[in-house]
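Below you'll find the structures, each written out as structure tokens.
Presented sequentially are two complexes of chain A, the first with chain B as partner and the second with chain C.
Right after this comes the complex of A and B.
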């Protein structure tokens, strides 16, 4: 157990190092000079040299990498070139927004996907199954950013139900003490703030959740179909239990493991999807800031954000593995 | 017949929608008295499982019942809708499945699987259902029943799982227990114990039982009465002793001769003679001609 954990931690460190190296190299070989973009016309060569030194862009590439890595190990991700602020502080402000968005989307996708799979299984060989198969096919065929645009047209323009941009309505004047707006409003019980934050989340969350829900529904329904012909299901039928009870209490437990493992993998794609969806909804998250960073060739900021995403991916995989083990009695006791 | 009946099947016929309406059951009738074990015997494909599934209302989609009645107590089962059947069978009929390795849900503890029916149909609390389950595990001579209750199926051996399933089958004091080849998946040494156990549980709880097997040796050990099937048709039925000692039908005679006995070891396999099979086929063809023509 301990050895396994140590092994995993080492693997995580190696992966993160790899990510750091790749990001660093890619950003250096890409064209464009961040310093040239930020200096005014009247800057002297001495100013430029000083700026390069300040942002850690002087010296040879291996040297730069070593300095950057060393600083990172001390929690110093450098200073954003375009925003002129500490990268860690910037990420700290934006990451919570992205996390709220991503986890709400994950929750919605799981609930919707599981519900669709269960309904499809209950309606086996009847209309229910056809409707569910059709719906998942449609959800699956349309990618998240197209959903975002469709939702904007539908609930932003045609029937303006939900706000189209931002995280909260500034005119409500809600004061937040943490960057987790929705969570904070929920915990402190501020009804108006909860409704406002939730309303802002509806469309970006749906855009991210719908395709994932379809994947979950597909995979889970296949697994449920397999489980429903097992002997223990036959025995449960002889015991006189309802089909709903049999699907949810007997089959689902055995079918959900592989689905959750896949959901974990797909969650990393969902995290990637936040970048473009946040952009479309002007949602002040990490992804939106990443795009700003790329436009401004803000190397320290981009590196910091990419590493943060990399860390989230690795963490996701870890959580998935632990969940799968936790759910399967055979592995749990093994 | 004036003796009380627990279950009677009257003129049951079924056809396969998979094989162009080929007959699977041909006018099968049988009666199970309360507290007796009724053997359903025949070679593979004779229709034994089809009868068991018909009683449980779980005929596969490609098998169609064309005629007949199945009467449990005073209720005709084939005319009930799915919901009514579910309620009736849930409390009154139990199944001892063939393969103990797949018949328990791998992700639920034994306790949950033994108590769910009691709580659903008999209004037990979690606590009283648990006590009942422990008593039953005791009755099937399970060692460390407390520990077994906390186990997942994979932590138990095949024989232990079959004991759990037998205990669970008697939990609700059903009127009828259906056992479809409950020992074929177990190894020979365990088979005998399991047969004894089913017999003991059935006697203790005074339950009627249908016991499906292709083995006349097993029938001799456990059944009070037998119905012998060939290709979905009843060839002979009667008390076990009569049928085994004084078989009337040529097919029964051939089967009895082919079955090894402790006092009469058989060298290798004695096949049923071709002439007997031909006679059976002719009998069935005659029956089919009479019903269709």
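Right after this comes the complex of A and C.
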């Protein structure tokens, strides 16, 4: 057990080092010089050299990498060039917004996906199945950022039901003590803040959740189809259980495992999708800040954000692995 | 279930369904239709984020798009009117001595910082010294360092001119020319200032959420005109489609930098009004001194073959002003006599003289951004089409703006490269000067053609001679076709009809320029 955990931790460290190395090198060879973007009109070559040194971009690549890696091991991700603040602090401020968005989207995707799969299974070989198949096909065919734009036009402009930008209304005036606005508002019972934060989440959450819900629905429906021809389902029918009860109480319990494993993997894609969706909805999360970082060639900020996303991906996979093992006793001692 | 008869009792499932329904209803309640805040609040769907509150340091100090926000919170040494002319700011008067070896500045009395402490001449001196510190991160340090040895006598400050800089007072109303609070900044430090910035400007920072919004409250002690709105909200909506949706849904009162097609559509809708004003931003094609651009005939033909009127009319829906020099009509050194008219016949003749024709075209690459400026790529596509007809075969290379900066700094731009150039001072130094001076890190043409003409102008103390000198440079640049100026951009601003907006030719859409109609 301990050896297994140590092995996993070592693998995580190696993977993160690989991510750090790749992102560092890629950013240096990619087009765009942050110094070239900020020099004044009359800057002399000496001014440019001084500015490069000021931001630690004057050494050789291996030296820059060594300095960055060394500082990072001490929890220092550097200072953002464009925001002029500590990268760790910035990530700490923005990551909760992204996590809140991503987990809400995951929850909605699970509920919607499972509901669609159950409806499709109950309506097997009837109109219900065709409707569900058609709906999942549509949800899957349209990428999250297109959903975002469609939702903006639909619920932002045509029928303006939900706010289109930010996490809370600027006039709300609620004082949050943590960066998890929705969670904090729920825990502290601030009704107005809960409603406002939730309303701001509706469209970005839907944009992220709809394609994932379709994937969940398709995979789960396939698993349910297989489960519905098993002996225990036949037995339940003989006992006179309703189809709804058989699907939700008997078949779903057996079919959900692989779906959850896949959902975990897909969650990493959902996290990636937050980048563009946050941009469209002006949602102040990590993804939105990442785009700003790229535009400004803010190397320390981009490096920090990519590493954070890398860590989240690795962590997600670890949780998925552990969940799958937990759900399937056969794998525990394998 | 207390109080309900058994037949009316709710099951757990029904209770949950009702709860969920109620929650969704509460989300919708009060949001139909979504409205901008009450009359005391102005909500602006703004096109860029605010990276930093320090208007003097780092990249954001030289980002022209953020100046509207900085000008709301801070005051500049010298103010600038919407027509680009100068007016008193925190300095009520300023000037040079007779031989221009010293400058003097009178500091406005009775001004207070947002924390209630008084503005002092020490704040001015500290801000100027900090800006000129070579170890600091002020991108305009090379200008600020040209004055030193400050002396304070009451409200008057004098300083020595280290190196004569004719535009020094213009920079005091331009990028990084802001007065910072000495005592407060030294007390809270740079990080503390970012968390709770104070200025002397018309609005005070009330709440800031990076990448989301900035809420400002009117400064009740402001020395200037009383702000028209009690609250101003800048929503950072960087996506143009979302900005259009913000204004169309009524969630914001004003937005800017939207596609011209959307501007026309929204302006035609009831309840909306708009202003579209030529601003201090021009589109141009840099020419680099590499083959085949070393041939003057090729350069001149490339310029003559572009129908700028057609570009503006067909691609920009008329929102643009064709130009022939780097001086827009609103700039100090604008000379209407310098005009390069569309003349494809003459372009073909020049190319023929150099041995080129549509059948045997001169070939080069033109670099451009795509989507960075309105219709940039489409404009270059159209220009390439115009060139083809006279004997120029250009291949389009698309790059990001960051790549453009890198290539330009390292002197590796392609033979032709599209770019835009802003100059809210309107002074030729900041347009023709830095764009054409071969030693400037921002110039593309590094040949000696205008080097001798520009050199003496940097330190020219006679203003009339200086402007005349820059006009002569513009003439020489046009005659030699060292760059291809295309057009002056027009900034579209759309807003609710209940508002009155004064357009700013510097493109800084300040809340102080918005009032109730």
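Rule of thumb we're sticking to: the second predicted complex is superposed on the first by the 316 of 334 C-alpha atoms of A that agree within 3 Å, B and C clash if a C-alpha of one lies under 4 Å from a C-alpha of the other, contacts with A are read in each partner's own complex, and residues count from 1 in each chain.
The criterion applied here is as follows: contacts are C-beta pairs under 8 Å (C-beta built on N, C-alpha and C of every residue); 3 or more make two chains touch, one makes a residue touch a chain.
Just so we're clear, the structure is a prediction, and the values are computed from it rather than from any experiment.
In the three-chain model built by superposing on chain A, chain B fits alongside chain C with no clash. Looking at the shared chain after the overlay, A:238 reaches chain B, while chain C stays out of its contact range.
Touch criterion not met for A:88: it reaches neither chain B nor chain C.
The wider contact with chain A, measured as residues touched, comes from C rather than the other of chain B and chain C.
In the superposed pair of complexes, A:279 makes contact with chain C only, with no contact to chain B. By the touch criterion defined above, A:253 lies against chain B but remains apart from chain C after alignment on the C-alpha atoms of chain A. By the touch criterion defined above, A:131 reaches neither chain B nor chain C. Of the two partner chains placed by the overlay, only chain C lies in contact with A:171; chain B stays clear of it.
Of all C-alpha pairs linking chain B and chain C after the chain A fit, the shortest spans 18 Å. Those residues of chain C that touch chain A in the complex are listed here as 23, 26-29, 31-34, 37, 41, 43, 45, 49, 51-52, 54, 57-60, 62, 134-135, 137, 139-143, 190-191, 194, 207, 209-213, 215, 231, 233, 235-239, 241-242, 245-246, 248-251, 399-400, 402-403, 405-406, 408-410, 430, 433-434, 440-442. The touching residues of chain A, when paired with chain B in their complex, are 230-232, 234-242, 249-250, 253-254, 327-330, 333.
Chain A meets chain C in the complex at residues 31-45, 47-48, 50-51, 54, 81-86, 93-94, 149, 152-153, 156-157, 160-168, 170-171, 173, 195, 198-199, 202, 278-285, 288-289, 291-292, 295-297.
The touching residues of chain B, when paired with chain A in their complex, are 56, 58, 86-87, 89-91, 93-95, 97-99, 102-108, 116-117, 120-121, 152, 154-155, 165.
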